[in-house]
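Here come two complexes built around chain A, the first alongside chain B, the second alongside chain C.
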Partner chain A sequence: MSDSPRTAVSNPPTQPMVSNLGPADLIRRSATEDLPPPQRQLTPVAKLIDVSKCIGCKACQSACVEWNDTTPAVGENVGVYTNPHDLTENMFTLMRFTEWVNPSTDNLEWLIRKDGCMHCADPGCLKACPAPGAIVQYTNGIVDFIHENCIGCGYCVKGCPFNIPRISKADHRAYKCTLCSDRVAVGQGPACAKACPTQAIVFGTKEDMTRHAEGRIADLKSRGYANAGLYDPPGVGGTHVMYVLHHNDKPHIYADLPDNPRISPVVQTWKGLTKYVGLAAMGFMAAGSLIHGVFARPNRVSKEDEESAEKLVETTIGQPVPEASSSNGERG
Partner chain B sequence: MTNSWTDIRNTDLVVVMGGNAAEAHPCGFKWVTEAKAHRGAKLIVVDPRYTRTASVSDFYAPIRQGTDIAFLLGVIKYCIDNDKVQWEYTKAFTNASYIVKEGFGYSDGLFTGYDEEKRDYNRTTWDYEIGEDGFAVTDPTLQHPRCVWNLLKQHVAVYTPEMVERICGTPRDKFLRVAQMISECSSPTKTMTSMYALGWTQHSHGAQNIRAMAMLQLILGNIGVRGGGMNALRGHSNIQGLTDIGLMSHLLTGYLNMPTEQETDFEIYMRSRQFRPLRPGQTSYWQNYRKFMVSFQKAMWGDAATAENQWGYEFLPKLDVPAYDVLRMFELMGAGRVNGYFCQGFNPMLAFPNRGKITASLSKLKFLVTMDPLETETARFWENHGEYNEVDTRSIQTEVFQLPTTCFAEEEGSLTNSGRWLQWHWAGGSPPGEAKHDTWIMAQIFLRMRELYRKEGGAFPDPILNLSWNYHDPNEPEPEELAKEINGRALTDLSDPADPSRVQVAAGKQLLNFSQLRDDGSTMCGVWIYSGCWNEAGNNMARRGTEDPDGTGAYLNWSFAWPLNRRTLYNRASADLQGRPWDPSRKLLEWDGTKWTGYDVPDIAPTARPDQVMPFIMNQEGVSRLFTRGMLRDGPFPAHMEPFESPVPNVMNPRMRGNPVARVFQSDLSQFGNADEFPFAATSYRLTEHFHYWTKHNRVNAALQPEFFVEISEELAALRQVVNGGWVRVWSKRGSVKAKAVVTKRIRPLNCDGRVVHVVGIPLHWGFVGAAKKGFGPNSLSPFVGDANIETPEYKAFLVNLEPTTAPGVQS
Partner chain C sequence: MVERIQPGDAIHPGKPVTVDRYGVAARVNHWITAASLILLALSGLALFDPSLFFLTALFGGGQNTRAFHPWIGVVLFVSFFVFFFQLWRANLPASVDWVWLTRLKDVVTGHEENLPEFGKYNAGQKVIFWSMAFLILVLIATGLMIWEQYFAPYTSIPTRRIAVLAHAISAVLIICVFILHVYAAIWTRGTLRAMTRGSVTGGWAWRHHRKWLRELVGQRKIGPAE
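Our next item is the complex of A and B:
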């Protein structure tokens, strides 16, 4: 195994395989100044979610639960098809349903978007993370959480322009979609892409996925969607999870997908500006982590830490934070 | 399906009406997305709700449930009026030119011959004029006023766009857009596929819904061609297999009929099944009925089936009623006329209408046996679950035996999919706990019963004692043995009909296919249409070849499709009277001057000349039927009928309730509700997150759609002051349920004949056992009446009322 898989369709080989993603493949590591340069460059991968082909069946959610062996709770119906009602530490991906009446045609459109980690080329979570090695980025573009290094501070949630990570109430660590890094490492595509019956979710190299999207966009334009386009937002350096949207001129109609996501400039310069504070904080966190291990108590950050983190996010993103408005996507 | 799932990718237009393929058949729906992505195909959805399928459609039109016939006859009228007919196909391959008997007519919503007392038609005028030569009289010029084409034109004349809007509530402009898009497929180089499911069958006029679309497809020339067809999306992985193998009280295997008590001997039984051709030179393949029947009887009783005892004809049960369908069984049970009930792999407590009646009926049984891999509500019908199952347990004396069975993944065998593919599968796990294969359980019951009959005799032990049971292990017949029996084998050396000195098949060998069946007792075959599935070449159902020459989607080396591995039925109709494909780019078959060649197994004798033998070989006419003679009880043409519970009167005849010939039991007459008391039009359906009542046992599915709900429009919510996510009570004449309300823009009120019709959508996945939250099913509300021809219950259209309420168990 030498490079990134190019599809999620193939079945696994029967012989044992060596993991293709190791420490030598990291290009970024949270709160780590002296990360050695990667020994090779893997071909960047991407998952492409074609919203116009998605039928909202939730096979992706189901596959995600099965592969990651999570246990989302049996909740209740609150008047929407979106279940569970939000991403959780047990639900890394979520179909968000939005009923939108197109003002130019007066026709209803039922917009169904698979929400989850976008695997930003420039990951706000990783930059905000004070715990060394809790968040890493591989040369193929996957942003992964290394749970044993996580201190549960929640900065990754604040740093994420898409409001994706969730902190487990059970083990106080952050969880999100891994882009099935464990599958990709052995030549397989993500479980959600494999399960998708209509191939609305496809997986391969970012180059291939971009080209595939062009064909889909041409088809949508021929069907009257003049603003169909690829969502690969430059504000976060592009993403390794991309959408084909019928209305790419207004991403926010898809359950508050940010029109122009950016990471906070403060987070961007975190290392530079607050290097020493950051290091000191890391020491504090490490101690906290140890205490956590002994007393099995939640990790806490101080109120000031919390406030400064919140401020940091508020000052940066020139639009509502997604979590404030996305809880009831169905009614959109 | 006339075609196959993989063929759908060849279409230009997908019409999903009477179904919700993306929601209920998400895996098969991939072929629609393929057609859209790679052929530029368009997708139309016509449905009371804006469904998941509608969410990826090119055009959506709303329709009031139960009015599809009016809509489709409106489209047929549009096509005729606008000369959008595939004329060459229609003239050659349908009965458009056949002359109908004098006296046939239609007025006030009824065809000639109606007897209100009997709720039945005298169908003698619903037939062709027969000439002195014994053949049907035709007028190829279509000038005769009583030719089928002119009668059809007359019949659909009333279904103008205005009338469609009045009946269906479909805005005129939306109807016209759909009609226009469909009519374009009259071109020989454009095809449309019809994908439908229970949205058409679960009506008291279900068979006629399907007829209406089939007629439209015929005049557009879309039957037998790639990317065309009438494609029934079967709701279980093996429900096609269920009907094929005859698990209905009025059927034997392969669509042979169960004899009736009037058919006192085999020759009388055969007399009405001679199926002589109605036109010169036609195939009328059912002429071979006797071969299929005798071979079936030999499969059942082996050496005990002899010419002398009419191949064991007396061993066959004889029907004293048209059918012992599920509605009749529970009616009889309720009347105390059924002692025991075997419930194998289904859940009547949630699956059959009017749950109150089902519970009362089960309570009158002496014993109930359930065979199921899962806990079912039926097995627990006697258990009090508060509001969810309010029964007085002590008053129920039924003894219940629960026999745990294996699920599909724990057993080997074949499943027949919608496209008639018999796909062999292998066990992926061992049976858990005390679970046993169904075959083991049934063998044990049979062996013990046979022993009792042997010892004690009884009124008529012969059918049981003589039943053929030659299995390696009588305690558990193996799937391979059963499959081979289904295929059939030679019992003696079969001589070659072309050269009697040659042996065609040696005694004991598997038959190649049903063409080798004989009516002299020298062959046996369990299911004639499946013959060929396991012949001397081996298990053809286990084939997994993925080659597909020229990308036609036929995949002839993948599994085995009945009949004869044919992938598209009536495929000879894909070519014209000279045998040239209508659309060369979509060739299926071609006449090379001496024989048929092409990508599929020809649905005609390989050397049958294209100008002489017509494509619809199962019909006595050789052509398809726009006018279906007396073969359906409720009319030779479809005609608009309202559901038994309708929010508006039938505009054709306000006195007429429902289908005028559908069977209604006396005890159910008073159980129909009216629009003044129950003003809202309800319908029921599945959701993608669940499969029927099974997956509520699975924590993942349960998390993805945890709780019973009903869907209503914002307008109805405002009218009844219902809040989104709040509790509502929904009740009909027969029962009451509580549900969460999903208030949605996807359902909008319809305007029908000046009245506002509110639609209430009721999904069906919840009950009182399982991992999901407790809930109800729509069958607590739906009426105990079925289709006039096949008794499929009317689940898709009934009346309810609705009000806000509090959670179950909480006093308001």
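Our next item is the complex of A and C:
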């Protein structure tokens, strides 16, 4: 068996297999500074979603629910195809439907984008996560949530440039697409790609998927989509879920897909400068107090101070009470 | 401007003179605030940097730390602001506060003979009081925004990013203010008893808050003999 599966279409072997993704394959681990280097480099994988081939059947959603054994609540129809209305802790992928009028042709275009975790090479969720080992990244590019380490703080929600993680109200842990890491670990492609009837979702090595996308883009360009292109945003170091978009010059028309996603500078400041300057400031205050405490004489009340106070009290008590303040401020 | 004497402040003549500074309720409340702040600092620091994540063990793990922290914050907010409304008048700035701030050298070296007489609070105590009040307001406001369990849907993610940054910065600052507050109370000997027994000696009042002592004496705030 090769180190990473090359396709999602093959059927699983009948004999049991050991998992090919383990702790030794981690390249990043949240809130862990001394992670040992991975023992091998797996071939990077990618899921390629060709929005121009998608028919909006939601087989991918069903396959996702089926494989991950989640049970999304029965929804409510509010007159749009997007169902459920948003990603949830039980719905890791979602077809987002957009009706867009192309200003240059005046044609109505029905844009359908399968939303879900993009598996960023530079994952904002992992960077923001405070819990050691709650978010990991494998050398094949998969970013995965390890639920038993998750504390439910929601920092990953703030770190993510794509608004993907959802926190369960039931167990207070974060959930998102795993890129079917448990299937990939045994040589299978993701469930959504396996289920897709038009092969709008394909899976394989990132190299193969990029090459496959080139063919699709050339085809789209020959059909008049001059701006067709591959969405593999460099702002997050590239992603292991990529889109072929017929309007790659304006990704935002696809249900607010970010044009130039990157980890928010606010998050970078929070997780970078604030942490180092903050720890230094608190350490400096503590050390400063300690040094002052050791080297400066304590500020003691002297005998003379006590005598002065006694004298003040004794000499004034004999005199009459000043009228203005006699009724003011009784003990309360 | 004559400072309003705080209700409860009173002199007990004797050798030494003692001066009531905080009543029982204020002291109990102070220690609730103090305990909350310490617990908040420990649980907050645990999530601030991975090297401090081990502190979550004090609260029974990461999930519990995440769950308890905001509730302790609510306790701190309430207890501090009960305190705030008792003390804010006495912490209004006075012209003499500028002198204190410009002669910090005399303050940290303990040369109080070079300083003018102060009321119940000096400028340093007032700075701590108002910093605490301001930072706690920022912390509770931003803390509610990032309270994932109950309040996450009410603000946008970009707003919550700013909230979490502001929360972290304010937390660092309030921990610094807290260290200053605790250290000043220890270094200035005879201060801690104000928050344990509720009273200070006349000499302490004479040395550090002579104007306050003079006002109490002048207005005959004499408590029952001990």
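The rule we apply is simple: the second predicted complex is superposed on the first by the 262 of 332 C-alpha atoms of A that agree within 3 Å, B and C clash if a C-alpha of one lies under 4 Å from a C-alpha of the other, contacts with A are read in each partner's own complex, and residues count from 1 in each chain.
Going forward, a contact is a pair of C-beta atoms (placed from the backbone, for glycine too) under 8 Å apart; a residue touches a chain by one contact, two chains touch by 3 or more.
Everything numeric here is computed off the predicted structure, so don't read it as measured data.
In the superposed pair of complexes, A:Glu99 makes contact with chain B only, with no contact to chain C.
When the two complexes are overlaid on their common chain A, residue A:Cys57 makes contact with chain B while staying clear of chain C. For chain A, the partner that touches more of its residues is C, with chain B and chain C as the two candidates. Contacts of A:Glu66 after superposition: chain B is touched, whereas chain C is not reached. Shared-chain residue A:Gly237: touches no atom of chain B or chain C. Contacts of A:Gly133 after superposition on the shared chain: neither chain B nor chain C is touched.
Across the two superposed structures, the residue set of chain A contacted by chain B and also by chain C is 330-331. For chain B in complex with chain A, the touching residues are 22-23, 26-27, 29-30, 33, 36-37, 40, 50, 52-56, 58, 60, 688-689, 699-709, 723-726, 740-746, 771-773. Against chain A, in their complex, chain C makes its touches with residues 4-11, 13, 15-17, 46-51, 53, 56, 61-63, 65-67, 108-110, 112, 146, 148-149, 152, 157-158, 160-162, 164-165, 168-169, 171-173, 175-176, 179-180, 182-183, 186-190, 201-207, 213-214, 217-223. The touching residues of chain A, when paired with chain C in their complex, are 31-33, 130-132, 149, 151-155, 157-158, 163, 167, 169, 172, 264, 266-267, 269-270, 274-275, 277-279, 281-282, 285-286, 289, 292-293, 296-303, 305-310, 312-314, 316-317, 321-322, 325-326, 328-332. Contact residues of chain A toward chain B in the complex are 52-59, 61-62, 65-66, 71-81, 83-84, 91, 99, 101, 107-112, 197-200, 216, 219, 222-223, 330-331.
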